[in-house]
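Read through the structures below before going on.
What follows is chain A paired twice: with chain B in the first complex and chain C in the second.
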Partner chain A sequence: MGVAELSPAMASGAIAQLRNIQKTFGKGEKPALAELTADVFGGRITGLVGPDGAGKTTLIRLLAGLMAPSSGTITVDGSDPIADADRVRSIVGYMPQKFGLYEDLTVAENLDLYADLRNVTGQYRKETFHRLLQFTDLAQFTGRPAGKLSGGMKQKLGLACTLLGKPKVLLLDEASVGVDPISRRELWRMVQALVSEGMAVLWSTSYLDEAELCADVLLLNEGRLLFNGPPKELTDRVKDRCRLVRGIGGSRRQVLARALRLPEVLDGVIQGSNIRLLLRNAAREPSPADLNAGPEAQWTSGPPRFEDGFIDILGGGPGGHSVLAEHLPVVPHAGEVVIEARELTRKFGSFTAADHVHFQVRGGEIFGLLGPNGAGKSTTFKMMCGLLVPTSGLATVMGIDLKQSASEARQKIGYMAQKFSLYGSLTVGQNLQFFAGIYGLNGARKREAIEQMIAVFSFGPLIQTKADELPLGFKQRLALACAVMHEPPLLFLDEPTSGVDPVTRREFWTHINGAVEKGVTVMVTTHFMDEAEYCDRIGLVYRGKLIATGTPDALKKMAARPGLEEPTMEDAFIELVGRHPD
Partner chain B sequence: MFRRILPLVIKELQMLLGDPGGRRLLIMPVVLQLLLFPAAATLEVKNNVLAVLNQDSGAASVELIQRFSLAQAFSKVLRVEGQAGLTAAIEGQEALLAVVFPPDFSRHLETGLNPSIQVILDGRRSNSGQIALGYVNHILETYQRERADAGTAPKPVPIAVRHWFNPNLTYHWFVLPSLVATITTASTLIVTSLSLAREREHGTFDQLLVSPLTPELIMIGKAIPAMLVGTVQGTIILLAGIFIYGVPFQGSAFLLYASMFFYLLALVGFGLFISSICATQQQAFLGVFCFMMPAVLLSGFSAPIENMPEWLQLITWADPLRHFIVIVKGVFLKDMGAMQVAEHTLPLLAIAAATITAAAISFRRRLA
Partner chain C sequence: MSPPLSLRRLVALCRKESLQILRDPSSLLISVALPLVMLVIFGYGLNLDSSRIRVGLVMQDDGGDARGFASQLDGSPYLDVVIGSQIEMTRQLVDGKIRGMVVMASDFSHRGIGPGSEAPFQVITDGAEPNTANFVENYVEGAWRTWQRQRAADHGHASPQAIEVEARFWFNPSAKSRNYLIPGSITIIMTVIGALLTSLVVAREWERGTMEALLATPMRRSEFLLCKILPYYALGITSLLVCVGAAIFVLHVPFRGSLAALLLMGSAFLFSTLGMGLLISTLTRNQFNAAQAALNAAFMPALMLSGFIYELRSMPPFVQAVTRLIPARYFVTSMQALFQAGDVWSVLGSDLVRLTLAAVFFLGLTAQKTRRRLD
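And then the complex of A and B:
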């Protein structure tokens, strides 16, 4: 991403001020926000980050005047958002996580509707439409229903509708969730252009590489402001503590698990064939021997990232030990082909969503499907788990044709989707009972499996809680528990950590890594490039075709060119998609 | 197989009964309709105004007018003057019907000629009007017969009417058995089709489809809870009819429940079919509505099927409600025999087979 350029002259004084804000929902509950004092300036992007439930959305809704603080004062351009609601609403643009687009209305009709609501009329309306359609690059799609737009285009349309009133302050709540890297960069560039015109932007995000590019960052945790300042300041706190371990012999997942057990190591992630570690403050560097990473292993210090600072200030990651994996039985199919797509094709009318997709996944491997929104990775994924019947070609799991004996094949699959498809009105216990039941567990085996899941994921006190009322992190644990309870040799994960904060995502991958070490095979789709780094191999899907397959490092190597010598995973993604002839 | 269906059924019931809102939604319509229907959907004509234009000055018309005013069917007899007054009374809906005695009515009656009187009905309320006309006729006939008994007139042929199975024409007896059929229809359909659409909206449907459950098992898992709900609701109305409204239950409970099973199966077939072609709960709800209205209209509940044009009568055969209303009334009021029940259950079986097959095909096709 481009570097946020900021000329101090453009940055005017604070447009929005929050002083000593306290917000409590209901008596006796922990405050959603406490003792918060912060400023949002014009002409810059202020990032808003923090784990789930930290109070990000509450803060944004307070600024938008959608609720009143329990105590403290808020001013937006000199006005109180509640007392002077009319004025504040005319200068604040608020784009919630899911912008209220009408899916059956076309792009133009949606714009018309929001222009009417915002009272944008006459010649000015014409000019605004023209400007915004140019700006968002949606001019050629004005006749398309909003429901038929890709995820990235929907967000752009949402942004266009938000910008209709020419706001001075733009509040974006997780605007880039579920959007592919290419559209994400476009969105970022658009917001950047707005900022250069003097607009103040508050950008809440769970992508920390986005936060890193902001001028300022507000970091919330459990309703408290832990950090307020330029992201570099936070990154600098960990600048000598990042290490890359290269040339690992043996399983890098096991090395990571061992590393995370060391007292000196605060956090660690897999990055292609290497692992990346964050050491504790003033900790000595562990020797490669402690990791048992093989004779070739080398330590180099790596450049610090904002994410390291984030994890550091939150007191470290969740650790590398998966209790879940401990309880899973060893799956014996290591190295055999367990998932296979043979010339898999799917047509919708005249549109070919998947075009002769061909790949194999071996036992104990993590295979990732990456691609822009609407490129066909979901279609491919759905065919592989039997949700969609291919037009031609063959999809097999464990050697079973999904067309022939789907039921038998599906017994081998654990499935988890981004929406955590749990029954929200059922309790945690009822959900576990149900999923154990439909996978044919009964009697003592069922009881044991459920008890095990309760113990592994600490569901004990929550067993009577309805799934809808669980915090996001627990929803994800429950979804994972329901998917693995029948001990499937294969796991299908469809954007499993979309919209989840980095700490929760790490915990999730600790379990997945542990399961893979037991021989479980994983097929995953994702938009998070750091998640892609966990994969053993990646298939890049574009325009219905598999345009590249290989290890994360191999894809990066493929993408490397003069001027882009050491591409990140995201660079590689964009480069390889861009190279593909249209 | 049953082992895998059971969790589906339990889950469905937990979701239906788990939250207070859902429970209320299942119970309230039953209670409300039980209270309202027997009171509101009466076919008796009471409390109506009868207008009288009396151009006669004899004793006979006065006597008859007195009899009209004593009859329960008419709360008031409105005397009008002249043709204009009569027109105003009917047009302004002051009176449901009007009786005109011609100037020579009493004289003709005395002389043994058969005089005629004119009755004007409000065609906008034709049904009630027809029934009220029946009362008027009845009063006239009684009057004539009494005169004959007194020897002052020739005796007309006496007609003795006896209503079988409902001798006093208590309309509760007619309405309540039909309610067993109609109320269960609504909830069974809604439970089946909305629950599937909800799963689609929430993404849990995909979660079911990637499990080893086949689409057929998922359908059975949706059908059983809906049928349970229908049976329980039907039983509540049945018991309320017998013990609260005092409708006599003449027939065999076994036959009633056996046929109810097939009736609910046919409904579930429709519900599954509707949900198999709908993407959202909203669509499913509209779908249920589109089915419900004609199903009730064509069932014979509100209008006799024999009065419908022939092509429409043929269509009513596809309406499960039509067959079940016959059974439930028959078993309730006249101890319908097993053979007759079977005769009306057979079409239900055929409807169930057809709709369930259609739903299964449509389901499979959507997956492909």
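And then the complex of A and C:
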């Protein structure tokens, strides 16, 4: 299709057009994008969502002219991104996943570099810097190296550098991964302001609550466009199929697992003390009795969310059965305290990263640490694993003082971190061997543990594959396998699902819920509010202090005020942090 | 059509690169501290002239001649003599405390000790270190000859040797190994800066995700390549001048060439190693692999196959052929010429051609492998 034929669409405001795009990398490989036709319009935010490996980043790179399509045509403001690369690069702003900042350069030096690269000069440059620094609230940090900025500030600087040439099209690739809800909302407001000036924004995200706010959404799965339209259209498809189960007696994790086994239920998640279910299309209404949720249980219909539509179009969640949990031994506990932080304090020079943090976690509980970037979550978390020695105070796990015998304590802990702490150049089998080894397994026990993990997570055909080459979902399974192989009574999860799509995240939590039902105790840090809902109790950390502790529902109740009667977890987070005196 | 290169963008990129060099302690360490450490090691530590070797002396005879030869040995500037019983000395030799021993038989003074007569003593050396063993043997033999000659003169005999050989070394009259090791070691330093340092810089851009951001700007390929070459070229030339200055003024190695020739040869060599480093970096896109590759492709060959320490002519023909592919080899000969002989254009000219060819090859290949796209 020629450029001339597209002009009517341009008249209607489509700045970027993709027609019948196919992108294949290796010969004989499945296409990363197939038969894709879509438009990105000026003056609005177009959301780009889909599971990992769906082709979101490829699509963005095609628009930025960083890759050429195998077939099909792309135009950005009437120009071909490959044939007319110079023009397209001058009108497209692209912010890659890691923001593209030089960490050893200061804020001002980063801005200077990108301003020069984008030919922003003279008086106009001064004005632009002034405007962007105001806009991003970075004016007081111009002399600070970008590497020393918090995640949210880096994200804003990345955006500022991208906006320097006054682009007509802004491409944001997972700009908000690993950033706390407050910074995410700020970024959203900033982008909203740009859109009102006519800019076209393509916003790739794994936060579906963000997608819900977009004017249009492109939903990709395995390189194919499954949905293209306003998010409400997708949400409407599931509008009568959401149910909330309140007043659950007994374990809500078991109720969820039972619910997910029902043929009528397509998907389900824990939401504080309640569970939220999505029924299959035209399914019979299951009876609350099927859930065995206790006499008090109420069954109400709930408002649909974009995430429900997303899961629906992808054919449902991963189910509620954890093969892993089936194989884990029962960890006996009587609800006694197994993790304790007593007046835990850590100072870095004059800066207090953790200030008299005090909490207890009982056996079989999921305890979540939430807080903005740089609030002290990670510092606290590291002290609880014995990776960081507290300046004062006490950290114990299973009654063992981490200061005294860190290695004995670590034997009781399964640890899984954000980046999955795998050895990328080792194969699946070698990673399992290695982690079994460092957790002290040997001989027959080691062999059995490895064989069991291979069976549980179906690693069989992938055993010779390098960890780096695994699809993300498998990487996560492998990281979890490595953390639980020695059957620890405690699991420490540090942002375990950062950058992971909702389906993969559900699968992960199915395993965690299953393990907790076996008596395992979990401590988790997260930026995903839906993940926070899985916690029994949450500690909210801000400026080194634990400013609130309680069940997710209790925190929501605390945050409620006139004008915010029924806060979501995210509202509660922002409200409680905002109320804290500076 | 827009111009192929924007000066503003190039300056901005070079400034960014220079700031990164200045702020990264490892690049300063490699370009400033490492050359100084290496100069000190090569200048003072590594010395291919042997120093005093410890040898044992077993005297089974204490006659006048025996004592005379013993004091001759003791007076040798190359030997450090310890006297003891045969058992004691054997033990010390086994322990590696001495490198050899001289046993003077009980009939030493009675055997006919005239010129040309058979030496009435035994030299036992530690064959585990053949080089040192050779030294011991030669030094003892030298001492023996000198002592024989002296004794003959003392007794009124004529010197048995009619012709005296007096060796004279051209270009390096004092035959100090330092004088040819320093020019060689400067080659190594330049290789480290050129290849090791630059091998990291493109890989780092890929690893940190800044490459993708740069590629999405109107930046040209030529601008990117030049920003990776010019600052490191400046760093390398500075380092070269510091090294040569330190060699001349601190280590007192004579320098007989001209500054212009030094800069010309240095630039040609630097561009070839920079090219190699950048090519590695561009191909690997990973800092760890890049450093490994640079170490094996540039540093090790420069150390082993450049003729800096190991004589090229004593290598097997196949290895000699391989050394012809190593730019460091040609820079070693140019540097040795510049330091010890001067601007000898018959040497420098052919070296210059080869170094320039290497630079064009590596930089050309890097340019070809540098893409403005990700696929």
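Here, the second predicted complex is superposed on the first by the 569 of 582 C-alpha atoms of A that agree within 3 Å, B and C clash if a C-alpha of one lies under 4 Å from a C-alpha of the other, contacts with A are read in each partner's own complex, and residues count from 1 in each chain.
The criterion applied here is as follows: contacts are C-beta pairs under 8 Å (C-beta built on N, C-alpha and C of every residue); 3 or more make two chains touch, one makes a residue touch a chain.
The shown structure was predicted, so the numbers you read here are calculated from the model rather than taken from an experiment.
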Open item on the list: With the two structures overlaid on chain A, would chain B and chain C clash, or do they fit side by side?
Closed with: clash
TODO: With the two complexes superposed on chain A, say which partner A:V389 touches: chain B (first), chain C (second), both, or neither.
DONE: first
Task: Touched partner set for A:L472, first chain B, second chain C, both or neither - done: neither
Open item on the list: Contact-wise, after the overlay, does A:L226 reach chain B, chain C, both or neither (first, second, both, neither)?
Closed with: neither
- [ ] Could you say whether A:Y102 touches chain B, chain C, both of them, or neither, answering first, second, both or neither?
- [x] second
Open item on the list: Just checking: does A:A85 make contact with chain B only, chain C only, both, or neither of them? Give me first, second, both or neither.
Closed with: second
- [ ] With the two complexes superposed on chain A, say which partner A:A14 touches: chain B (first), chain C (second), both, or neither.
- [x] neither
- [ ] Could you tell me if A:Q433 is touching chain B, chain C, both of them or neither one (first, second, both, neither)?
- [x] first
TODO: In the overlay, answer first, second, both or neither for which of chain B and chain C A:I413 touches.
DONE: first
TODO: In the overlay, answer first, second, both or neither for which of chain B and chain C A:G65 touches.
DONE: second
Task: Where chain C runs into chain B (options 5-13, 41-49, 203-211 or 329-337) - done: 41-49
- [ ] Can you check the complex and tell me which residues of chain A touch chain C?
- [x] 25, 61, 64-68, 82, 85-86, 89-90, 92-105, 109, 112-114, 116-119, 121, 145, 161, 165
Open item on the list: Show me the residue ranges of chain C that touch chain A in the complex, using the header's touch definition.
Closed with: 2, 6, 8-9, 11-13, 15-16, 19-20, 23-24, 208-210, 212-219, 372-375
TODO: Would you pull the chain A residues touching chain B in the complex into a rising list?
DONE: 385-389, 406-408, 410-411, 413, 415, 417, 419, 421-426, 430, 433-440, 442, 492
Open item on the list: For a test of understanding, state which residues of chain B touch chain A in their complex under the given definition.
Closed with: 3-4, 6-8, 10-11, 14-15, 18-19, 202-204, 206-214, 367-368
